[in-house]
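Chain naming follows the written order as A, B and C, and within any one chain the residues start at number 1.
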Amino acid sequence: MSVVRDGEGDQATMHVQSGVAAPKKAKAARTPDPTRFSPTDLGAWGFLLPFLAAYALFMLYPVGQALVMGFFDWDFLDITRRQWAGWDNYRRMFWGTEMTWSVDHLVVLRVIGLALLIPLARSWRKGSLPRASIATLAIMLVAIFGVILGIHPGEGGRWFDSQFWLSFGNTLLFVAMSTPAIVGTGLALALALNRPSRLTGLLRAMFFAPYVLSVAVMTLIWAFMLNPSLGLVGLVGDWFGATPINLLNSSTWAMSAIVLATLWWTVGFNLVLFLAGLQDIDVQQYEAASLDGANAWQKFRHVTVPGLRRTIRLVVVLQVIYSFQIFGQVFIMTRGGPDGATRVLIQHIFERGFRDFELGYASAMSVFLFIVIILVSVVQFMFLGGEEDEA
Amino acid sequence: MRDRRLFRITGLLLALALVAAACGGDDDTPAPADDDGSDAVADGEDIEITLARFFGDCDETTEGVTDVSEATTECEVIQILTNAFNEEDNGVTVERLGGAVWDQYYTQLSTTFAGGNPPHVAVMHSHRLPDFAGRSLLRPLDDDLAGADIDFADFTEPAQQGAMFEGDIFAVPFDIHGSLWHVNVDLFEQAGLVDDAGDPIMPTSVDELLEQAETIEAETGALYFSQDWFEFAVGARLFLGLVAQQGGDIVDADGNATVNTPEGQEALRVLNELATTASDPSQGYTDSESAFVAGDVAVLHNGTWVVDQYNRQADFNYAALQVPILYDQSGFWGDAHMWVLPDASNEDAAERDASLAFVAFLYENIGSWAAGTGHLANRTSVLTGGELDDAPQRANYADAADTAVFVPAVEGWAGAWDSLADELQATWISDKDPQSALADAEERMNENLGTVTD
Amino acid sequence: MSSTTTTEVPRSDPAADLRARRVHLLRKHVPTGLLLLLAFIWLIPVWWMFSLSLTPNELLQLNTQILLPPQVTLDNFVSVIQVGLSGRWFLNSLIVASSTTLLTLIVSAMAGYAFARLKFPGKKILFPVVIAGLMVPQEVMFIPLFLIFEQFGLHNTHPGLFLPRVGIPLGVFIMTTFFAAIPREIEEAAEVDGASKWRIFRQIMLPMAGPALTALAIFTFVLTWNDYLWPLVSATEREMFTITTGLASLQGNFAQATELGALMARGVLASVPLLVMFVIFQRQLIRGISLGSGGK
């Protein structure tokens, strides 16, 4: 027989665990007892330990090393060329010569960013979102779009790393374009295919199928397909009597082509997650809504969306995290071209680290990306549903 | 009920996995931790050395084959040579490491260096040598070559240059590969551009080049020129060649990039003329090649590695020629495959001798490699010795082995080359202004070469 | 579908009946029909890949714009299967992917339950720290990881290939999300009955999280199977290649120009097992009309 402490709030309830006796669970009023620590489920660490062990060994340690390397001039191959660099790597990343600040640098982007303060202000007045979150976001907006984006090299100056901001900008563009597209498509497909029948089973497999292709194969197919002389795009063009351009070769369209290929390849991931999430919505709620005379759209808004809220947050957060780290397929399909239009930050990191052997500098850039992703995720958690997943 | 089935399937997979892992046997062969010779086995057993190379994998078609004349691809030649070496009773067995697709070779190789456990012998491009030699990761071979019966002086001038870094020899060259002008002689004939012997007339100046382009297009309707304009930096190779033909250099003696020069601007002008009037700049590697093989294009700028392939495939009169000399002297891009001995794995004398023995064997077979692949043999004795007489087309470009122009032997070149190729491409793909493209290229190249400091 | 029965009013007008029935049929089948059409268009690239894999390489060097093979050959597939080690590579992939999936499911489910339902100090901080592990790109992390494994002599072993992935927090994130969605009443009922946390976990939480576990299993299996960078640097001996690196090693230079059919065939062979696995397991994703609490 074992005695286990288990409790809601601060009221400890001892119950005998023998599988036989039925204990009494006192649901009395909770009075905070300041002399006790917050309760711990004893088994908790047992559940956590296997994962935490693996995580500490195979994640924290390498990530920690990468963070530290960011402060070093760390040659990948040559031990003798490793020395402390302090903030040099970061300076090289962010800064340049003859740096100055102007109001009109990147003015359009900055105005759009600052315009987001308007809906924020309205939200503040209506109280529809926690004010702390709104305040934080507002401060971030002003800091980034008002101040930081105004910094640039002036006359006769140059960025130390001309490719850094360009590639970061491309990554941001990719995230902005791909996230709504891939999340939205995944959700739409999941809603359409959420029925247990052979036909929908087949359809689910069909839409998921591209996900099983490796990156090498997927990029090979798309690079060929989009080439007018090699691929199906050319056939389609023939039917219409026109010669299409190679999208991957156009600085205007290359990024969109990459987004499309990525959507085709990875929507299966979101599809599966959304399907899993849809299973947890109680069917009876739909029936009740029907009895109340709700139409399909109303049912979607008032039953599906709230029920899917956690899943939506999961999917969006994951999608953003992965989109920020996009690399493989872009690198293979366009090598960052044409004219740097699709060079993303990870490509830049990879090239600096493994082509130029500057692992310290690559690590510093990864730290920057890491922090950006954290900030974006924090904002997402703030706005996509406040409740935390905890008991 | 569903869960039970799922459970059963999972259990089955797990059981299978465990059984397979158990039956898999000793697949955790301990990688040699340190090279104090602890792995060299004495008394009659062969010394095992590890080899890293690209060129693909073709064990199936070469299983047991040791006659190199049976080879039809790069992979088969090198694999058969390795088989032949292992067959010999020389006390050395070569084991090949691998798994890398072509463009991930250096990621994998670098990782082995970083782990302190590189292979005994590795293939390396000459344009990569400075990065490894400059970090003292490779064994200098000046004193070893004589003992291994390798005559360095037999190598042609460019080959020797490519294998040396700051005065020391770090590699044994295996070939020179470079730009070639692949020509559809039939189209030239149709346009009246052949001489009495039936050979195509090559232009001797830029104006002649552009005139030929017009003539061919007028007389045959075919495009004059094609090359890979965006996939593999082929345009940059032509740029390098044209600059060299004018006597220029893309990097000066101090290691600064010098592409924004009169020679550079001229070379870029020619490239853009070709792109706009004589070629289709939307073509990449595969489609430019297809177009040539299909007979739709008169000239394809590609390399030495496809000579045998085109010879087989083309149903027209095909000639592989050197890049025409449009200015004062010959000049075309070249690179080399070379064999290097990483220092960390060759400290033990016995293993080192084994590595050298293998490399010496490959040295002996440079002719076979050239014959089997289309790359240039880089040994004067091989070039003049008649070994390649039967190989198709070789006579047309044999003296390219003496005149190839390699990229500058400086550290950080890989990044600089990418930057140059990027900026050049921008002029014919995005219509970037050539002046600013070359200026930007210089800036970025200097960033890569580390000659720009804060 | 059920709404049509509630709005339909029996009438004695046969023509109107017919119209109503037609509308009903249209509403029922057109969306599905459209979906089917979309799905077929969706798969055209895959079809094309399959087509190319059945075409001889020499023909492909001349023309790749085909929807049907001009000449069917099995050579591309045979040449892969003939590679003596390909069976071994396939087995390696199977072992590594299965082991990773099993371990990940167990470990993530346990940790997910802890984060979703159990109390312990520092949970508010630990959870974000764990999720943050998703935000560092693999390209940067694999070098330190490589060096650790080098020290422990784990390269060119199966554990060397599957262990690192068990630390990836994707599973924990997913399982935490889905466990948190399970209604508390069920758990509380079990607690009243005196069940331990472990029993609750095993007999209530796990079964209810079927779809989430299935999703995680699918992702883990596919991602591990297609992983390239880590096996590239860790399994350098040919017997230890996975099917991904093994097939890559067969590629010569400019392979897409000279052996496109073979490349596509390799792609097909490497993907088919994954698709089969998905088809088998995806039925676990949909619970069915009688849902959820108490169902099954």
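In this section, contacts are C-beta pairs under 8 Å (C-beta built on N, C-alpha and C of every residue); 3 or more make two chains touch, one makes a residue touch a chain.
What you see is a predicted model, and the numbers here were worked out from it, not measured in a lab.
> So which has more C-beta pairs touching, B-C or A-B?
B-C
> Measuring centre to centre with C-alpha atoms, which chain is farthest from subunit A?
B
> Measuring from the mean C-alpha position of subunit A to the mean C-alpha position of subunit C, what distance in angstrom results?
19
> Which integer distance in Å separates the CA centroid of subunit B from that of subunit C?
So the centroids are 38 Å from each other.
> Going by the touch rule set out above, which residues of subunit B reach two or more other chains?
101, 107, 114, 286, 290
> Of all residues in subunit A, which are in touch with two or more distinct other chains?
Counting only residues that touch two or more other chains, subunit A contributes 76, 216, 224, 229-230, 354.
> Identify all positions of subunit C at which a residue touches two or more other chains, and write them in rising order.
Residues 64, 143, 214, 248, 256, 283 of subunit C touch two or more partner chains.
> Of all residues in subunit C, which touch subunit A in the complex?
Against subunit A, subunit C makes touches at 2-3, 31-32, 35-36, 39-40, 42-46, 48-49, 64-65, 67, 106-108, 110-111, 113-121, 123-124, 127, 130-137, 139-145, 148, 163-164, 166-170, 172-174, 176-182, 191-198, 201, 211-212, 214-215, 218-219, 222, 226, 228, 244, 248, 256, 260, 263-264, 266-267, 270-271, 274-275, 278-279, 282-283, 285-293.
> Which stretch or stretches of subunit A touch subunit C in the complex?
Against subunit C, subunit A makes touches at 4, 6, 15-23, 25, 37-41, 43-45, 47-48, 50-52, 54-63, 65-66, 76, 192-196, 199-201, 203-217, 220-222, 224-225, 229-232, 234-235, 264, 269, 272-273, 275-277, 279-280, 282-283, 290, 310-311, 313-314, 318, 321, 324-325, 327, 346, 349-350, 353-354, 359, 362-363, 366, 369-370, 373-374, 377, 388-391.
> Show me the residue ranges of subunit A that touch subunit B in the complex, using the header's touch definition.
Against subunit B, the touching part of subunit A is residues 75-78, 80-81, 91-92, 97, 158, 160-163, 216, 224, 227-230, 245-246, 249, 251, 335-340, 351-352, 354-357.
> Which subunit B residues qualify as touching subunit C in the complex?
Residues 1-3, 6, 9-10, 13-14, 16-17, 20-21, 24, 27-31, 33, 54-60, 63, 73-75, 96-102, 104, 107-108, 111-112, 114-117, 285-286, 289-290, 293-294, 305-306, 309, 313.
> For a test of understanding, state which residues of subunit B touch subunit A in their complex under the given definition.
Answer in residue numbers: 101, 106-107, 110, 113-114, 131-132, 135-137, 230-231, 282-284, 286-287, 290-291, 412, 414-415, 418, 422, 425-426, 429-430, 432, 440, 443-444, 447-448, 454.
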